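Chain naming follows the written order as A, B, C, D and E, and within any one chain the residues start at number 1.
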């Protein structure tokens, strides 16, 4: 079907918190440049899979390949062994993440938030880092707030800065975890607009967890429906939203629509 | 219309918090044995008027008569002067209040919660106080939990104890401020049942702030609709709920009904 | 009439020693606080154990014992210290142990999400600490550090017991020379209080400066 | 200078005498600090502005100046105005006043932590101000602050060596006296240190238990 | 630090080299005095300063110390010599190396006017079971009192002369014991008609102090002795100490060997 190899290959991973099994033998593949929407009820494991890809959680079993390389394993003397911190740091260069609550550094100005990582992790000199940061801030429409502190920004503005910060490291894969759900309704729009631009102007692979069904529909190439740590259904947005095959998906969409969401 | 004199007579009172005027020249009268429901949107001043009657807040202007006596004023040398603490304490004997969050004394057992005030304020000996407390607890269906600590009770049980505690002082007037709105839905019923019994078995005057429109309708002799510190409309429950005259009242009821409340 | 002006000079000399002790002790305490505080958060058991032992030992034994030990016992095992060194060492290590717990608490108070943002931006452990966690944690520590510094200032008075000519000691000398008790002691009480006020004022203004722009964001 | 076990056994009874006085001073000081702290906390909440101001400043002053100097003051200066206190009494008063300013903060926090609804429920029950304090507020405020209070009492315990300055024969003074008699410092001071460490380590266990037992109140 | 046992001239050479000797003194006039400008004088330091000058050590650096801390401080190498009115006694002779006698003084007691308890000797204090006596901790008087049979709890360790005086004035102790000249100096400053001095205390020997050196520094001590003897002969010794009230004849009438052997 696809001509190139998948950039993310998740192979039968499992993950428990204590006795509670969140992911159980989950497998999925993502092709380069693909835009994926992850939807599903609360607690179904959407955030967990993104956090695993960002190496914020470890997996209990299974394998993950990113860009042809193992994420949590590395080869040593011809054997696969658990990855060390250096391997993880190298793999993390390929991945960026934007959080629901922005997680900006409150003690640094907007531009310092964006330049910090390139300067520290890539040794980029300050002038170059700032030039690039201003381009990114311009793209998210925050260039005029470069000197502001995060506390002086609205939620939507914070989220746009957080996106610029993640982009500054030029990752191949971007993970977005409910990036609009902490925002006041009138601020959601401005962040979604930035995502649209990103989608149009870059060739990054993007994984997006969202409850904005309308946006997921218009934006995604493919939709995965999660329930209890499993992918229950997947397909093109039109298939999933208009003609869900699974009962769980139908039930979920019905509830969402009842709550007034556009699909 | 009424044969007897009003037990509560509120005369042009006003109350501000800082620059914000919560009540502005409010007047109302309540007859003995009357059951009054106070409804209205959030922030309209319903709680504030109850708290003023309970002397938990002072008023900035106006007069309140309870049972023929001034509440916040007293006569001295033929002149009305602000009431002192002794006068307030005497007036408070006529009034009891039940709070949204119960406010039980967590370090005292259920029965001690009920006997504390009669023993301390009326010098009632312990055996008499406990006998009366058991009667009240029996009435609210909590006699078997007399020795329990509040932390061991469910919300509905706590609220029933709180009602018994307020009744123990035998007030002429009882104030209920959203006594069910902090409860899980399945526990609301048991508290409302107690209110029904109270209504039937005692001749207390009762003022009830509630968002349970159905209950307000069935329970109250008269309904007051508050908005922005004013009584916008008042009348018999059927008039208010079926044929509201004021636009504000109509709008409010429409919203409430849309949210699924029975009227 | 006693020459109070001359003896006031003596007391001011003592005040200088007290200030010197407080400053040097604070520097040592600050260093120890960060070493031990971060040690307690370390991934390595040995570091954690060392830090815990240091903290428990110095919080557990009295400052007097530490002071007398540093002054009278250490020389017997070949480590000779001047009274000033012994004073700074005992005060710094003692207060440092208390402040280490402040450092640990403050670092832990910085939410998990800041650590995760660091990982997501591929910052190394040390880079994240240095540029993201500690600058924020420091602001949390500051008020308590201020209290610690005042505790240290007050504790300097005990060095008079090892004959270091600090404020309290000079008051004793003036008392012996003049036969007056009230005046020297009242004077030094006021001086200590003024120094304590200076510390809390200094810490508060530093806190205000550092908190600029952070309003409403810190937890 | 070598460690001499015979000498240790010889001086042990004397040191135990000191231990008794140390513990006695701590217990009495704790009781006083608990009462004084409550007094200060209540005075600071008093509607009488002058009272709360004056008490506030006095507490600030006591907290900002060294206990050692305060002890000198109480013991040697107060007799000039006719207040003559035996050494142990003067010491206990010094400890109690000084630590009272700390416990006052604990009380303040404890009282502030009693929810406003409790005050209002007391009023709705028509309790008087006094009844509200004694039956509702204090009983709820005290248990959660027991661990914090205990913490200060342990700190006080470690400051009792200061009482040697006003001739109280507590542990440190006994140790010094022994050292002066035999010109040996290493054993007495080390024993004092070991003693303080032992008590402190025990008190950590006690504190943990208190925290579990009283740390939170179920509502 | 010098090595114990290697009694040679190295210590003196070292002091010459650094240009000063570290001297421990007490905070006890007239043995020592601190002027308003902070300059240290008094009989003991003046003698030491003169002798060290003659030995080629330009100056002395005096630090005030508690009596109890002097010998440990000397042993710990904190001072080179103690010149503080530390009286020679057999136990001390065993702990330090004394010079020939310098300052001699009898013991005295400070009591309330009229000597209400009729003390003449330390034994009198021991006999009166309610009597308390104050003395410097680790000082001669403490031991004299203990040896006379005063129980430990009635011998109050007083940190300094002023404190002792104050405690007698305040009635906290019945007697305070110090050498005669020290007590006289205290009396002069206090100028209190309600006090009285008992001097000398019966049965208490006349004591002489000497400069105390660390064991092992006997060579330095011997050099010191040579100059001391010369000064005694030339009369310069008397010129230095007699203005302070000490008797040169007393110091010249006895020797270290006699004092150290005394029972």
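The criterion applied here is as follows: contacts are C-beta pairs under 8 Å (C-beta built on N, C-alpha and C of every residue); 3 or more make two chains touch, one makes a residue touch a chain.
Everything numeric in this text was worked out from a predicted model, so none of it was measured.
In summary, no chain was found to touch both subunit B and subunit D.
Farthest from subunit C in terms of Cα centroid separation is B.
Each of C-D and D-E has its own count of C-beta contacts, and the greater count is at C-D. Taking each chain's centre as the mean of its C-alpha atoms, subunit C lies 37 Å from subunit E. Centroids built from CA atoms put subunit E at 82 Å from subunit A. In terms of their C-alpha centroids, the spacing between subunit A and subunit C amounts to 46 Å.
Multi-chain contact residues of subunit D (touching two or more other chains) are listed as 1, 76, 165, 185.
In subunit A, no residue touches at least two other chains.
Residue positions 72, 75, 159, 162, 166 of subunit E each touch two or more of the other chains. Contact between chains, using the touch rule, shows up for A-C, B-D, C-D, C-E, D-E. Residues of subunit C touching subunit A in their complex: 113-114, 116-117, 119-125, 127, 131-132, 135-136, 139, 213-218.
Residues of subunit C that touch subunit E in their complex: 3, 5-7, 9-10, 13, 71-72, 75-76, 80, 83, 161-163, 165, 169, 172-173, 175-179, 181.
Here subunit B touches subunit D in the complex through residues 51, 54-56, 85, 89, 92-93, 95-97, 99, 101, 103-107, 116-117, 120-121, 149-151, 165-166, 169, going by the rule given at the top. Those residues of subunit E whose C-beta lies close enough to touch subunit C in the complex are 1, 27-29, 33-38, 63-66, 69, 72-73, 75-78, 159-162, 165-166, 186, 189-190.
By the touch criterion given at the top, residues 115, 117-118, 120-121, 123-129, 131, 135-136, 139-140, 143, 217-219 of subunit D touch subunit B in their complex.
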